[in-house]
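Here you go, one structure.
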Amino acid sequence: MNTILIIIEFLGTFAFAISGIRMAAAKHFDWFGGYVVGLATAIGGGTIRDVMLGLTPFWMTKSIYIICTAAALMLVILFKKRLTQLHNTWFLFDTLGLALFTIAGIQKSLYAGFPFWVAIIMGCITGAAGGVIRDVLINEVPLIFRKEIYAIACLIGGVVYQLCSLLGFNLEIASLFSFISVVVVRILAVKYKISLPVLNEDDVSEGEK
Amino acid sequence: MNTILIIIEFLGTFAFAISGIRMAAAKHFDWFGGYVVGLATAIGGGTIRDVMLGLTPFWMTKSIYIICTAAALMLVILFKKRLTQLHNTWFLFDTLGLALFTIAGIQKSLYAGFPFWVAIIMGCITGAAGGVIRDVLINEVPLIFRKEIYAIACLIGGVVYQLCSLLGFNLEIASLFSFISVVVVRILAVKYKISLPVLNEDDVSEGEK
Amino acid sequence: MNTILIIIEFLGTFAFAISGIRMAAAKHFDWFGGYVVGLATAIGGGTIRDVMLGLTPFWMTKSIYIICTAAALMLVILFKKRLTQLHNTWFLFDTLGLALFTIAGIQKSLYAGFPFWVAIIMGCITGAAGGVIRDVLINEVPLIFRKEIYAIACLIGGVVYQLCSLLGFNLEIASLFSFISVVVVRILAVKYKISLPVLNEDDVSEGEK
């Protein structure tokens, strides 16, 4: 079981680091800036989760996440132009990372003895908070608050996981169904441009400078 | 005693969530974005406090805060226009929330065995840090750093609480006086446009793009 | 040993607080805003480190950091104009603070039983994360992601510390060499305008509004 969790966290790290480094590159950050934003995107959600659960942040126990982000940085530096062409590939990576992180967050919270509703929130935080930290660091309004069914996919994945558990499925089956539901929701949402309603469409008076 | 703390935290949650959701609406966030900003405003300060005190964040032990923010979101969605007219009502809610959160932060820190000066800081963090997180998430300069005697009201409330304790008053009396002082300071500051001096009025050279 | 750590953290606090308060002044924050930004710059990195290490944040055990930031605020308020002329002095203070914080972060992590690579990262976080928090609070893109060999100096200081340990030097000697290397790297980098390569020089398409 532990091995599955490690693989889950490793794959997610790479996909998320690439996403962070590319956003940093678009903002003309230097290599160090890119590395930090990549790392924050990759491990930020899991770190917030672990601190809230009262555990040592996962990346402090294995150096693989640090190395993995360095590899992602090297990839972006060496293959800058070709990476931009692979838009669909990065979308897929990002989506897989989202699904994997969500499930890792749910499982770790349940292991730590928290109830299901906390685990679902922690799944969302693990999957989506890294991207929010990334956007704060590059000084943009977080993307997931305005566009895309991103965190909602985590939420649905969490609910599917809980339903599978309630129906008596074992851990592997629950994870698989949850994984698939996150990926499918996200792909469908992007393909058919499904998005949540905006809170305030007409009034731009308040809060703008 | 415990019941009083729970009521204190619940009332504050609702008032702060509304404030966060309305700011998110002004920035054209979607429902999910509004919910997250509302939640972060409502539970952000208390979460930072609990993590620093080495405790499990308060909202992970009772689902009421999550539900309460959902109710606030629904209220904003359904009664958008009427909410804007109720400007004074929201100011009152926000002020009550500020006072309630400050006292909750002070009491929890003292229970955890920290000295009074830490408790006063934690009171300020509980009351004001949620609003800072809100402003970071909507990509604005935090309001309380430039305008309004907001966190200063927390600070004064904390000092009043400590004075009451030193004078031998019991917990209820100390809380009441502290509560009143936060509310009065805030209302007077807004009514008479009292604000702190600005650090640098003439020189705009550094730090601006 | 403990005394050395305390002195290390105290000196760094003052230098970093001044840096934060001056940036806040450039943004026309009020006194309270200046104090909070100064405090966050000074204790932010160490607080993140301590929370991740599972320890009580260092500033909650001694009130000296709070008082020290208040002194820095008073200095900035009273000697506004003269401070700007002392540009080189603040650069020196900031550099000494960086070196001192880095070593404090490394040592505290090693004491807590973490391996050297975690300690080096914690050294960088202690030295550089306060400045990132400062820039997020004043709503600017973090300076260290785009300019200056700042965090790289921490990194090199950490590696020097580890090398000294591996070579069997005692704690004082390792700290001294590490301190000198951070200071020298930073001064040379600024003097000769050495900087890291930028990730993406030609393409400004993505991520910008």
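Every chain is named by a letter (A, B and C) in the order it is written, and numbering of its residues begins at 1.
Everything that follows uses one rule, which is that contacts are C-beta pairs under 8 Å (C-beta built on N, C-alpha and C of every residue); 3 or more make two chains touch, one makes a residue touch a chain.
Molecules present, by chain and UniProt name: A, B, C = Trimeric intracellular cation channel family protein.
Please read these numbers as outputs of a predicted model, since none were measured by experiment.
Quick check for you: after a Cα superposition of chain B on chain C, what is the rotation angle, between 0 and 180°, in steps of 5?
120
Taking all residue numbers at the chain A to chain B contact, is the shared part over half or under half, that is, same or different?
Mostly different residues.
Roughly how many whole angstrom separate the Cα centroids of chain A and chain B?
Inter-chain centre distance comes to 29 Å.
Give me the residue numbers in chain B that touch at least two other chains, ranges are fine.
Residues 51, 136, 139-140 of chain B touch two or more partner chains.
Quick check on the complex: what are the chain B residues that touch chain C?
Answer in residue numbers: 51-52, 54, 114, 117-118, 121, 132, 136, 139-142, 144-147, 151-152, 195-201, 203-209.
Per the contact definition, I'd like the list of chain C residues that touch chain B in the complex.
By the definition above, chain C touches chain B via 21-34, 36-37, 47, 51, 56-57, 60, 63, 66, 76-77, 80, 84, 136-140.
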